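Shared between the two complexes below is chain A, which has chain B as its partner in the first and chain C in the second.
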Partner chain A sequence: MTKARRIAAIALLLLTGASLFAGWIARHPYQKQYREAIASPPAAGFPLGTDELGRDRFSRLLHGMRISLLLAPAAALLSTTLAALLGLTAGFLGGWWDRAVTGATDLFLSLPWFFLIITVRALLPLNVAPETSVLITFGLLGLLGWASPARVIRSAVRSLERSDFLLRARAAGSSNPRLLFIHLLPNLAPVLMAQFWIAVPLFLLSEADLGLLGLGVVEPLPSLGNLLRELANFSAVAGNPWMLAPAAAVMTFVGGLHFLLAPRSGAGT
Partner chain B sequence: MKRSLLTALAALSLAWGQGGELRFCLRAEPKTFHPHKVVDEASDTVRYLTGGVLLRVNRKTQKLEPELATGWRIAADGRSITFDLRKDLFFSDGTPFDSADVVHTMAVLLEPETASPLAEPFRFGSGRLNTRAGGRHSVTITLPHPIGGFERLFDQIAILSSRSAIKEKAVLGPFLISERKPGAYLQLMRNPHYWKKDSHGRRLPYLDSIRLDIQSNRDAELLRYQRGQVHLLTSVDADHFDRLAASPHSGLADLGPSLDSEFLWFNQAPQAPIPAHKRAWFTSRNFRRAVSEIIRRDDLARVVFRGHAQPAAGPCSPANKLWFNSKLKPHAFDKKSALHRLAADGFRLQNGMLLDRHGNQVEFSLVTNAGNRTRERMAAMLQQDLAEIGIKLNIVTLDFPSLIERISRTLHYEASLLGFVNVDVDPTPQMNVWLSSASQHAWNPSQKTPATAWEAELDRLMRQQAAEWDFKKRKALYDKVQEIVWEQAPILYLVHKNVLIGVNPAVRNVVPSVLRPQTFWNPEFLALDGARISQRR
Partner chain C sequence: MKRLVALVLSIVLAGFLGASLLRFAPGYGVDEAELDPRLGPDAIARLRQPDQGLFSFYAGFLTALARGDLGVSTSHGHPNSLLIAERCPVTLRSVGVGLLLAWIFAMTGASLVVIFPSQRLDFLISAAAGSFLAVPATVLALLFLYLEAGPAPAIAAVVFPKLFRYVRNLLMHCRELPHVVAARAKGLSTSRTLVWHLLRPSAPQIITLAGLSVNTAITASIPIEALCGSPGIGQLAWTAALARDLPLLVVLTLLVAAATITANFVADAAARCCAPEQA
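Presenting the complex of A and B:
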């Protein structure tokens, strides 16, 4: 493991650990408003100060990371699974199913999905708890994010279809399910992994984008997305660098993933 | 009073001379340049700067003053108003102004094709409005029935030329549109035929031109203001205000409470697709009052608006000098009283949760518009306040079109947090809110007959005040309206935001006002200190 990868792994470990044990590390509940101490700078009880409602920024960052860092991979898993199922079957079976899946993929890619999420979010029931709302947001991201990886996976299947090992398996009389799941799927593992790890930061940032519009995770739950919203007011950030902590957390997480998962130079894929 | 103010302004004007270009920002592209079709703030700004009106509301005194009319008389029965018009005035293209233009203006205004929002108050009730010229310089407008305070509507009705070939582009105001680059800016130049002169006989306006930059980003607007590239800020966020006000010569000022209010209401409509037990909560006066009494309005004003807001008692702000009912005070935080009211309706606290008499947990959603940080913060504070009496509040932020669809058409919501921008001090334009049959009767719109006795009383009082033209009688009637709203709390008024403005020290003669347009309501008298400007360039 290179030095950069080691650093990236440690940083990711620290971030994940801190967010998982947020309840123990943070001294204040993330939703508690200390209205006499609004927008205060870092102090003994508040390592990152308080926000505009007097809530502990440190506690909100840790809990926000927990939500985003748990749910972004979950949404990525959902979208990659959907993409694998559709891409694999389309590439392998061909014919009308391939045409249907390719058409659906093109349609999904051409949709302004960001606005689609906003629309779907507006159609959902109103009286949902914040915890359900956050699940809905990431669920939508997962359900709508399959098209691009499905296309990549389909292409990979098409290129593997004429490979020698598949030809031999076919000649040996392997059934279609066996060909798909025993022979093809293991060979697609690197592609699937890559698609999964690409989707994680993408969803993390998508939730942040929705948060910027006020449509992501609802109050009082924190997420990296709604914490990043504060940065939209750049004149407020100028004199208060501790407000950049959520941005630093996102950059560390996304950068860490890239360092950790980038193919090693000289290594074949 | 007015004469002394103008004399003082004119005397001061000698110190800096005429000319110069005033710059400020519009938040969006004006949607129309037809003065009768204005529905947005940007178009309204252009109308204000270019349009000539018969009467003008002095934004400082909130009283009407003559403009294109030298005087006006309301008939004893309150059904007609006669204007005496100024003589020898000309539109910007040189066509003369007389009573035919006023008749033409009213005809265009009331044409269904114009679809003017300004015409709505004149359409109240049955019958037709009649405009009749009594010679070249006198016009009488007769209404089918009296409309209280209708003379104030003429502050917004820009007079159109009946003879000009360029139609509504011929104006009587101090400026006219000279150049437009869509999405970038709008250039106004002084109207060479503008009629008004200062006390020294100098022709107004003092400024040569006004440049209106289209800038939707408030941060960018503030930055440009700090650099001296724009001279006026018409509304500043409380966050920005405190930061900028700390620097010397910032020119920022807090003018006190505005006419605007922030409020929440519960959906009481019987046709709304919400559970029956929730509708029963929302239609209970005790429940609404309990919620109102658990809200810390002082905290909302201090935390969300950084102290630049006042707790609200009702629809009328203390900024409205003419109509505010000073006997009413905001519902004070009183947890004991709130719990007492809830207990009277069978609610009980159990394990920190409020349950109704049937054992349903009291939980409801509050919709507000996404991306509005102020309202989201208010909602988060309400969430914590309501939790004190065991009410679970779920905040839902929706994009604006979805929100409007829910609160006005599908009625698929439980409670909503929104604000009201009030442009006029008179209560008559609020008929569309208070009448039970009105579509904007927020908590239970478009009722065939009033659902409650107090709504029937609101209908009666609002109709009576609208049909009355004696101010004292109207004030007594509207005071009663405010008292009913305070007592029944169909809308929980939370705060009145303060008017926060910025005026570059180089701009002279600004008379800040809480009424819109707060900084440039006397555009013909505004002037620039050339020395200061050149230093900044």
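Presenting the complex of A and C:
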């Protein structure tokens, strides 16, 4: 591992660790208002100051990171599982099912991702409890993000279909479920892992965009997306650079993941 | 011809998807006026849309679309076609300029990296592209709004890193091909090598990427136009989503899908013209 990759890995570990132990690290509850300290600058009790409602920004950042950093991988797992199910069966069974899945994939990929997300999000009630909004936001990302990985997985299955080991297993009389789950699935593990790790930063960025536009996780629950809404107040940000902390957290996490996942010959993109 | 049929079929399928979204959305056929406590059951029944069968609903929706009747926006109270016609030029301009800027930067960056094979230059440009890739489109929109640059450069900042990465890798791959090595060894000028031996063979892939970049730019236009206050299709979609204006949102999604499918079709056809042997 190169030095730069090691730094990226350490940064990711620190961020993830801090978000997982948010309850221990943060001294104040994320929703508690300190009315005597509205929009205060960083101080001993409030490392990142307080927001316009007097809530501790540091605590909200850690808890917001916890929600985003736990649920973006959960959504990625959901989308990769869906994609694996569809791609695997389409590539293996072929015929009308393959054509149907390929057609649906093409259609989904032709719809701009964010248009699709906000259209489907608007179908569901907007005025919901914060916990429900978390489930809706990340559930939608997981359910709608299957198309691109399904196409890759289907292609991988089609290429494995012609491999010697599968031909031998078929000749030895292996049943279809055995061929699928014992022979094909383990060989697809690297592809599935790659698709999962590609989806995580994409979902983090999508959640950030949805949150900043008011279509993501609902207050008072913090998430990286809705924490970014403070950035729209330019006059406040100009004098209080610590308000950029949520943006820095998103960039560090997404940039770090891109850096770690980039091929070794790449220069960091 | 087969591809043209596939194009039409995709748009019709997108229409079915849009109609399904409308038909099965919670609250379909319910008017807000029903909440008026003064209304009795008879008045509410008169307000409610007659429950059409599924097939007649689809047929009605698609026929109306084919006739150019895009319905009426529930939040604006105006015909959707009027709203879209007003805002299309704004989006076309910002997406067009954004794409142009993104392509100029991506092609220049990738060409520089290929012409001057220096690890430091490659790292610098790749790191710049990588850092843009790690920033949410909304934050980029706010940054460009703060710089008073407008939506087009923000769209360019979202699209550029994706284009740069692909074009760079493509040109880097071409640079190692035997005929390019031979051309360089024979002393061919850098510009001639770039244009005739790197860009020309990569043209089909680059044209295909141009089609795909339209999708990326349109996707980026929603958060960017919403935050930059640019009165385009993206901002219209955002306000429609906040107001749960499904008729408008579904029509917008269909139009955008039709635009991206057509862009991909045109790019695909152009790529095939450039490399007929791959067709």
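Simple rule for what comes next: the second predicted complex is superposed on the first by the 235 of 269 C-alpha atoms of A that agree within 3 Å, B and C clash if a C-alpha of one lies under 4 Å from a C-alpha of the other, contacts with A are read in each partner's own complex, and residues count from 1 in each chain.
Methods note: a residue touches a chain if its C-beta (ideal position, glycine included) is under 8 Å from a C-beta of that chain, and two chains touch if they have at least 3 such contacts.
Values in this document were obtained by computation on a predicted structure and should not be read as measured data.
With both structures placed on chain A, which of the two partners, chain B or chain C, ends up touching more residues of chain A?
Larger number of chain A residues touched: C.
In the overlaid three-chain picture, which partner chain does A:163 touch, first (chain B) or second (chain C), both, or neither?
Touch partners of A:163: none, neither chain B nor chain C.
Name the contact category of A:155: first (chain B only), second (chain C only), both, or neither.
It touches nothing on chain B or chain C.
Just to be sure I read the superposition right, which of the two partners does A:118 touch: chain B = first, chain C = second, or both, or neither?
both
Which partner does A:2 contact after superposing on A: first (chain B), second (chain C), both, neither?
After superposing on A, A:2 lies clear of both chain B and chain C.
One more residue to check, A:126. First (chain B), second (chain C), both or neither?
both
Answer with first, second, both or neither: which of chain B and chain C does A:175 touch in the superposed model?
Neither partner.
For A:235 in the superposed arrangement: first (chain B), second (chain C), both or neither?
first
Does any part of chain A touch chain B in one structure and chain C in the other, and if so which residues?
118-119, 121-122, 126, 213-215, 234
For chain C, which residues are in contact with chain A within the complex?
Of all residues in chain C, those touching chain A are 10, 13-14, 17, 21, 25-26, 119, 122-123, 126-127, 129-131, 133-139, 142, 145-146, 161, 164-165, 215, 218-220, 222-223, 226-227, 237-238, 240-242, 244-246, 249-250, 252-253, 256-257, 260-261, 264.
Under the definition above, what is the set of chain B residues touching chain A in their complex?
These residues of chain B touch chain A: 219, 222-223, 239-240, 243, 299, 302-304, 363-365, 367, 369-373, 376-377, 379-381, 383-384, 394-399, 402, 412-414.
In their shared complex, at which residues does chain A touch chain B?
For this pair, the touching residues of chain A are 31, 33, 35, 38, 52-54, 118-119, 121-122, 126-130, 213-215, 218-220, 229, 233-236.
Going by the contact rule set out above, which residues of chain A touch chain C in the complex?
Residues 103, 106-107, 110-116, 118-126, 201, 205, 208-209, 212-215, 228, 231-232, 234, 247, 250-252, 254-255, 258-259, 262, 266-269 of chain A touch chain C in their complex.
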